[in-house]
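Below you'll find the structures, each written out as structure tokens.
Both of the next two complexes hold chain A, though its partner changes from chain B to chain C.
And now, the complex of A and B:
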């Protein structure tokens, strides 16, 4: 993905974002609401409404599918086949009036030559795999008969049903309780260890990133501000926004420390600003920041978009 | 509380809701959802008391009962030795002035078609004798106190960001000089960097205005930094209570241990060397809670006694009450699982643990002690 720009009328959701995900890599995309992370994910799946969204990019490819030129049919093959996505709220992502078995079967049959009964057997196997007890008898239940955690398990089963090479997970555990979140994160890690599936994990929770991801991409106001291996990012964050974000979250494993908030509020999608969008909140802003800094290497696999990244 | 009288005292509170009638040919069973079942707690003047637990544990229902917004099925709530259930007329109004709430979602807790000025004016008109000019003066002070410009007075809530709206909700809550604020997940709907701002505001207001907080949250990392005491609830019951630092450093109840270890740490190294206790299964329905100890269906230490007898909430170490028959074993388990000293003694967490049957639904991440 290179220089992705997405706008909805006057609202600039993504203002030029570039990153890559290697085969089998788990990348976290972190940012606050309105930073453009979900819109990025939707454009990677070709799911933005063509009527209202204007998508531009120098390059936008997901597992051999060029989204800038792909036709509807090609997109359908890619979605749910080579790449799959799970969402924050599984209750709205699942069809409320269809039995889960039918929904799983539909996904499987769309991307394979399996017969109805084979697809059903595979659905049961998948439900068992993601930890639904008594999968054989629950396959004909409706989504509302499952708990939130189980519904997310079913979404995961659906997502992995065709062996995708990339899984995009958009805040998959935000709606769940922490003990259930821990189960789902473990399940995802387990599934990933068995395959070479790449993962793009979108979240605002830095703790979840630390638990799940190998690399982190930090997004602010529609742009990537930092991109680094997970331990580098948490230990030596270089962008002032990343530094501020890490200082503003309390940790459960240490005695209370002073949590320092980032002053001000994030740029709204309809607002325009010359240069770095974090400039008004940044303690290190200088005159030069009115020009847009490019994402530059400051270390091995470590990119930062800040004029002062070398001195700070 | 140190022997002084509590500002708020909840004694054996029970809130049961009638269960939805069973549809079908069977005989109609009359059941109850025991949302809160025998909860007692005390909050001292000036204290910040946390009430934590997962959805359905009864923490928000407890809050509503404290505000006298729902009728308890049993038990009593005292505000400064006055039973709030008996309050009428002027006493009730005085009670309403002294206890206020801030809700989770500032999008739905502010009237969408009223301007900020009107929203803040309403409690002053209801509860004070101030004239228009005095009220205007007070509103300006309130906005300043929560860090907002007076320019927002003519705006509608939708024109404000989530953080700004929550500041308005806080301004409204403190406008009539309450002594106790119930904060029901006040940060959960906000962005990470905004949470810290609102938390800073709450900290400042508390000292400036000598407020007492009941802080309801599922975000344990925030609780550790902000609250003095913590009460952990599970399915309508208290399972553990103590001072925050003590409970977080040395959790006793297996549920508290699991809850703390489920919270991810924003530090990959700490995450990697941490041993975690992952619970199996999901919380049972409060309509049909397990017999005996309600946590036993997910507890790694459960034994037959747990199914037959409900454990009492007892002081197991000074200043700490725990409802677990096997609290000694739980403490030993903690030392093995990690607790405060999660250094080399503890093996790192791994997903491919030998001895765990393939495909089984996420067993407790802990081998039996040998």
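And now, the complex of A and C:
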């Protein structure tokens, strides 16, 4: 993905973001609400509403599918087949009036030549794989008969049903209890260890990133500000925003209720700013920051978009 | 499910009973004595009293009601004060005419409303824009006015279609079609406006649901997304709206029947009111309210078939 820009009328959701995910790599995409994470994910799947969203990019390619030129047919082949996606709210992501078996079977049959009964058997197998007890008898239940965690498991089963090479997970644990979150993360890590499936994990929770991902991409106001391996980013963050983000995470070894927020407010989507969008909140801002800094390598596999990344 | 159905039927009976009481009392409380009207000017008190007795209007109101209700549940709704024909016979003659009119109007409404509502699938298309304007026009223009306009154009100016009269759909289908066309279009236009106004936003909302995004993320084509996912979810509000429209149309066709001089139920009802034919009016009110109640009941039961979550709520 190179220089992705997405706008909704006057609102700029993504203002030029670039990153690549290698085969089998698990990449976390972090940023606060409104930073453009979800819109980035949806544009990778071609799922933004065509009527209201304007998508531009120099390159936008997902597992051999060029989204800039792909026709509807090719997009549909890619979605759910080579690349799959799971969403934030498992309570609304499944059709409330269709049995889960039918919803799973539909995904399987879309991308394979399996018969109805073979797809059913495969659905049961998948439900068992993602940890639904008594999958054989629960396949004909409706979504409302499952708990939130189970519904997210079913979404995961649906996503992995056709052996995708990339799984995009848009805050898959945000709507769940902490204990269920951990179970879902374990499940995802487990599934990944069995295949060479790449993962784009979108979250605002740095703790979750540390647990599942190998690399982190930090997004701010629709742009990538830092891109580094997880341990490097946590040990030596170079962008002032990443530093602030890490410092704002409440720590268990400190006095409770000590929260260090980044001063100021994030840039609104309708606001325009020359140069670095973090400039107004940045403690290190200098005159030069009115020009947009490019993402530059500061170490091995470590990219930062900041004029002062070398001196700070 | 059975307990739910029984509870709903029980509720329906209570509502019907209340309607019976109100429709009975309304005529007793209105000024004007039907007995005096029938007796005519210059009748003596004794003559009027005799007529009153003959109509079953003498004595205590409660006794009168019990007497009437007892007959009503046995299918005897009284006789028309004017023509002396049993009300049940009159209804049997007139109701089918109205039901035919409702049926043809609903077909017209659906043929127009369903395609217009599909405009929600293609935002900002021509179909979408027409669908936005349609209900505004249809709901602000009175039904009788549309009817008069159609008569002016097709019956008087072009002389293509009859301006009034009724031909049975089952006896003479072809000429019946001609006589049904104008009233069905007038009423159907009105009904279609209601349907579009409700159905289109419902479909638009469904298309923005998370599970529709999931269906797309599976790689389904837009056609499959619509047929297998969106349609099912849109059926619930659709059935509700159709139910409301069907239930109220027995009352709503009264105006259309007046415009096209249709010998239907509405015509009977209006004549009953004008001539203080209270047994006819009582039965008519019961029928109007009863049709709403029955259709609502049926809709509630259909919900359970459509939406598994409702089924569970119905069970408990």
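Methods note: the second predicted complex is superposed on the first by the 305 of 312 C-alpha atoms of A that agree within 3 Å, B and C clash if a C-alpha of one lies under 4 Å from a C-alpha of the other, contacts with A are read in each partner's own complex, and residues count from 1 in each chain.
Basically, contacts are C-beta pairs under 8 Å (C-beta built on N, C-alpha and C of every residue); 3 or more make two chains touch, one makes a residue touch a chain.
Bear in mind that the values here come from a model prediction, so they are computed numbers and not experimental data.
In the superposed model, A:152 lies in contact with neither chain B nor chain C. Once chain A of one complex is fitted onto chain A of the other, the partner contacts of A:7 are absent, as it touches neither chain B nor chain C.
Judged by the touch definition given at the top, the superposed model places A:250 against chain B, while chain C stays out of reach.
Looking at the superposition, the partner that touches the larger set of chain A residues, chain B or chain C, turns out to be B.
Of the two partner chains placed by superposition, only chain B is touched by A:32; chain C is not. In the superposition on chain A, A:133 makes contact with chain B only, while chain C stays out of contact range. By the touch criterion defined above, A:144 lies against chain C but remains apart from chain B after alignment on the C-alpha atoms of chain A.
Legend: residue contacts after superposition of the two complexes on their common chain; A:80 is shown touching chain C, with no touch to chain B. By the touch criterion stated above, A:97 is placed in contact with chain C alone, chain B being left untouched. Of the residues of chain A, not a single one touches chain B in one of the two structures and chain C in the other.
Chain B contributes residues 54-55, 161-164, 191-197, 199-200, 218, 220-222, 224-226, 245, 248, 258-271, 274, 276, 278-279, 282-283, 342, 351-352, 359-362, 365 to its touches with chain A in the complex.
By the touch rule above, chain A contacts chain B in their complex via residues 32-33, 128-129, 131-133, 147, 149-150, 177-183, 185-187, 189-190, 193, 204-211, 230-231, 234-235, 244-246, 248-253, 255-257, 259-263, 265-266. Those residues of chain A whose C-beta lies close enough to touch chain C in the complex are 45, 47, 51-52, 72, 76-81, 84-85, 87, 89, 92-98, 106-107, 110-111, 142, 144, 155, 158. Put simply, chain C touches chain A in their complex at residues 123-124, 209-211, 213-222, 228-229, 232-233, 306-309, 312.
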